[in-house]
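Got a structure here, written out as structure tokens. Questions coming.
Just so it is clear, A, B and C label the chains in written order, and each chain counts residues from 1 on its own.
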Amino acid sequence: MHRRSGSEILLNIYLWVFLFYLFLPLIVMGAATFNSSRFPTVTPWLGTTLKWFGELAADDRMWDGLISSLGVGIAVVVISVPVGLGAALLLTGLKGKSRTFVYGVMVSPLLTPGVIIGISTLVFWDRLGVGPGLHLATLGQCSFIIAYVMLMVLARLQRFDATLEEAGLDLGASHAQVFRRVLLPYLKPSLIAAAVLAFFQSFENYNTTLFTRGLDTTLTVYIASKVRTGLTPAVNALALILISITILGAIGYEILRRREQARDLAAKRRAAETERRETQLA
Amino acid sequence: MKDLVKRYGLMLTSYMVVASLVWIVLLVILPYFMMVNYSFRPNLVAADIGGPLDHYTIDNYITLFQNQVHFHVFLNTIWGGALVTFICLCVCYPIAYHLAKVATPQRAAFLLLLLVIPFWINEILRTFAWFIILAYQGPLNAFLKFFHIIDKPIRYLSGNGAVMVGMVYAFILFMVFPIYNAMESLDKNQVEAARDLGAPTWRIHWRVVIPHAKPGIAVGCIMTFMLAVSSYAVPSILGSTNSRWFTEIIYQWFFEGQNWPQGSAYAFILLLLCIIFILVMMRVFKVGLTDIAK
Amino acid sequence: MARSPFGFPLQLSGCNSYQGADYRIAMSQDIQLDRVTMRFGDFVAVKDVSLTIHAGEFFSFLGPSGCGKTTILRMVSGFNEPSEGVIRIGGQDMAGIGPNKRPTALIFQNLALFPLMTVWENIAFGLEVRGVPKAKRRKRAEELLDLIALSGAAEKRVSELSGGQRQRVAIARALAVEPKVMLLDEPLSALDLKLRQHMRAELRAIQRRTGVTFIYITHDQGEALTMSDRVAVMSQGVIQQISKSAEIYNDPATPFVATFVGENNVFRGQVKAVDGDWATIETGHGQLRGRNRNGVKVGETALLFARPERLNLVNGDAGAEMNRLDLTLGHVDFEGSFANLFLRSGDSQAGEQAGRGVIMQMSNDGGLPRLVPGEKLPVGFAAEDAVILADGPLAAH
């Protein structure tokens, strides 16, 4: 155990202050859900209540927004995962300057402000006679979410051992069989992660949706409009639910990750054990 | 391309090419192109589009420089975005350093998990949280009054201050993660070696850690600046009439003024601003595009 | 029946594809390379190679890394098309036939086992893609697991296996598709020395039992010489020699082979006389006589090679057929069963002519004399133990 230096202690304090800064607003927002004050706040505390959950549940526009968000989110996942996969695979086949160029174009939507993606999508499809709405919000979101998917798949693809594909072909598999039985199972974790990320990105997207939604409303747009007009702690109730889902998701992810890690470690240990016994025999 | 066919077969290769083309051409390049094209045209009714009145013009760009209010908002947005970026960088640097190089791996994994949670929560909700805190009758004023730091509540939600606070909070994690990623690959021994050679802490950072973390710092700054100047949610929730943001004007052109060419021109200016900022960052930190787009 | 430590039978009972009806069928599966050249841009990886590998043979390509042997393997398996020339398997031109349509199975250097499949799924993969029903696949996989003495491992993951076990699973996976030709790309290089030697015996045994043609790529001469029926030595894309193991060692065709395979003493000189199968060259050590393997002519520059273990200490006058060198002992490396004597010539110039000193190997059979560095030693070797070849590049050591 090494002695902690003064600067390390300071850095630690700073870190906890930072975490406090990150979480306090969320805690305040969540706590305000249970205050019976009509305006969401924790001061003054006018009595503890659960009525805002009821009000939230009774709000049809919230349900409409939720259904829209789920629909758009699913559509975005369905489009962006296969396309992002295709784009990542394409990049593996390019080299040198052409790869740099295509890569640059593919990641450019990530370096473009969301409002501009929304605006460009709106004007382009309007010219083609396609009016705004959830479908356009889906297309607008896809244009940059595909880039996220592409990057995630590419990251895993770069660690892929291409001789596995050759081994598959050599054993008589067709290209499609190799893809389905060898490459796709290998990419599965990244595809699942990308699908989750794509859904979340879509679900909470505001900037792009704002310009492409037309008269439709997603949950995020609904929250924003509620905050500006007609704010009640029902919004806090919704926030609290979304935060809880996020925290549960993070915990679940961590548990899965640790289990996976433990399993890999155990396999390695067993292999090393066998190895040792064999060398002794030999 | 031949390699791809050999590796994946003709069907899969065709799929990759078609899918990528549809995405890049239909969802990225053509919309950009159309927006830019729009921005150089007058605002016409549908019947006149393609008619004799439909010609290229730079009027839409001149508007920004003629309209004092808009131009002021534009400058205010740049200044605000830069300030948010700078504050985030200063606040995040020690955090990223702690996560990457000081904390043990298990602890770092746990802390990262903690950080990811607010990262995943909607920007609107994070802004809303500050809306509650900064409200006139909200907990911050109540807190300050309770400890007699102030006598009467302060009106935070009028002016740039609240917008800055909200943006720093909303985008700060976009600064932490890139810097953390870049620092993680730094060999701890380099720091130890520098310390061993008698370098003071600030010099170790200046000469060893920062040069290594440069790509991460550049990415963090680019992301934060881009998100800040193009944010619509934060200024619209935490701002007031005297703290308008450039995106709000763009929105007005589109949905209140119904002047899409004008709005497109402003949007393109915003995009140019982001591109210029990216180029400046690349120059300042001497990093390439491939380093950034990780 | 002798068993390896893994329980795998090394000697197999009465099953030999060289006998009986199988022979003719096997015969038709010769692998033929006809003037095959492979270029990558300006680089010529394989240059005008022609050879025939007989069905049922254990054939090795031996050469340093970058000599083109892996390229040959990849051309036979179908991952690369030759720039020029034809590859035939069983008389059929393989041009345009993909790796998944060829009767070959490749064992990759890194084995390339599918990490996400269980052991039995790995082995049955080739059957799966051929549409063999699951129960049948499983049964075949179990049989092959028996063959490689891994019966209990069907449901294990690849990551749970040791290096040697993975090796055997890779072989079983390749055997499952009943290939006519097995191609092995330095498959033992990842194993430690002892395991490697056991695997040599196992590979040889599997080859004998199955009768499948094995084409084996290696840079390890020990592997090539012990396992193979015939060895092709390659250097810089060119086949140097194709012979049985003993011939490669005893009767090298080129200076490269002479120096790449085993240790060799080299003497450079001018050809003075040629008589029949013999030649004499003038070197710094005087005139030396050896077999004129490739027909050097008088006046040419030539190299004479003599193996260290063929050198002897001579007492008094040697016979007329004996080459004689007067050398000084530099130092002795005692290796246990034998000792290496490092010698230099008295005038120190002769040895440097060929760039190397002279090494003599004496077996430790009780007759090792007491030797003192600096001592003058008369060394001799018989003319039939020396090969004279036209001057050419030597292997880098």
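Operating definition for what follows: a residue touches a chain if its C-beta (ideal position, glycine included) is under 8 Å from a C-beta of that chain, and two chains touch if they have at least 3 such contacts.
Since the model is a prediction, treat every value here as computed from it, not as a measurement.
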Out of every possible chain pairing, name the one holding the most C-beta contact pairs.
A-B
Kindly work out which chain lies most centrally, taking the average of its C-alpha atoms as its position.
A
Per the C-alpha means, the centres of chain B and chain C lie apart by a whole-Å value of 62
Roughly how far is chain A from chain C, going centre to centre by Cα mean, in whole Å?
55
Taking each chain's centre as its mean C-alpha position, how far apart are chain A and chain B in Å?
18
For chain A, jot down the residues that touch at least 2 other chains.
174
Can you name the residues of chain B that touch chain A in the complex?
1, 3-4, 7-13, 15-20, 22-24, 27-32, 34-35, 38, 91, 94-95, 97-98, 102, 111, 113-118, 120-133, 135, 137-139, 142-143, 169, 172, 201, 222, 226-227, 229-233, 236-237, 247, 250-251, 254, 260, 263-264, 267-268, 270-271, 274, 278, 289-290, 292-294
Which residues of chain A touch chain C once you look at their complex with the stated criterion?
161, 163-164, 166-174, 177, 181-182, 185-186, 264, 267-268, 270-272, 274-275, 278-279, 281-282
In the complex formed with chain A, which residues of chain C make contact?
5-6, 77-79, 98-101, 104-106, 108, 110, 112-116, 125-126, 128-130, 157, 159-165, 173-174, 176-177, 192, 194-195, 198
Give every residue of chain A touching chain B within the complex, in rising order.
7-8, 11-12, 14-15, 18-19, 21-23, 25-26, 28-29, 32, 39-44, 82-83, 86-87, 89-90, 92-93, 100, 102-117, 119-127, 139, 142-143, 146, 151, 162, 165, 174-176, 179, 200, 204, 206-207, 210-211, 220, 223-224, 227-228, 235-236, 239, 242-243, 246-247, 249-250, 254
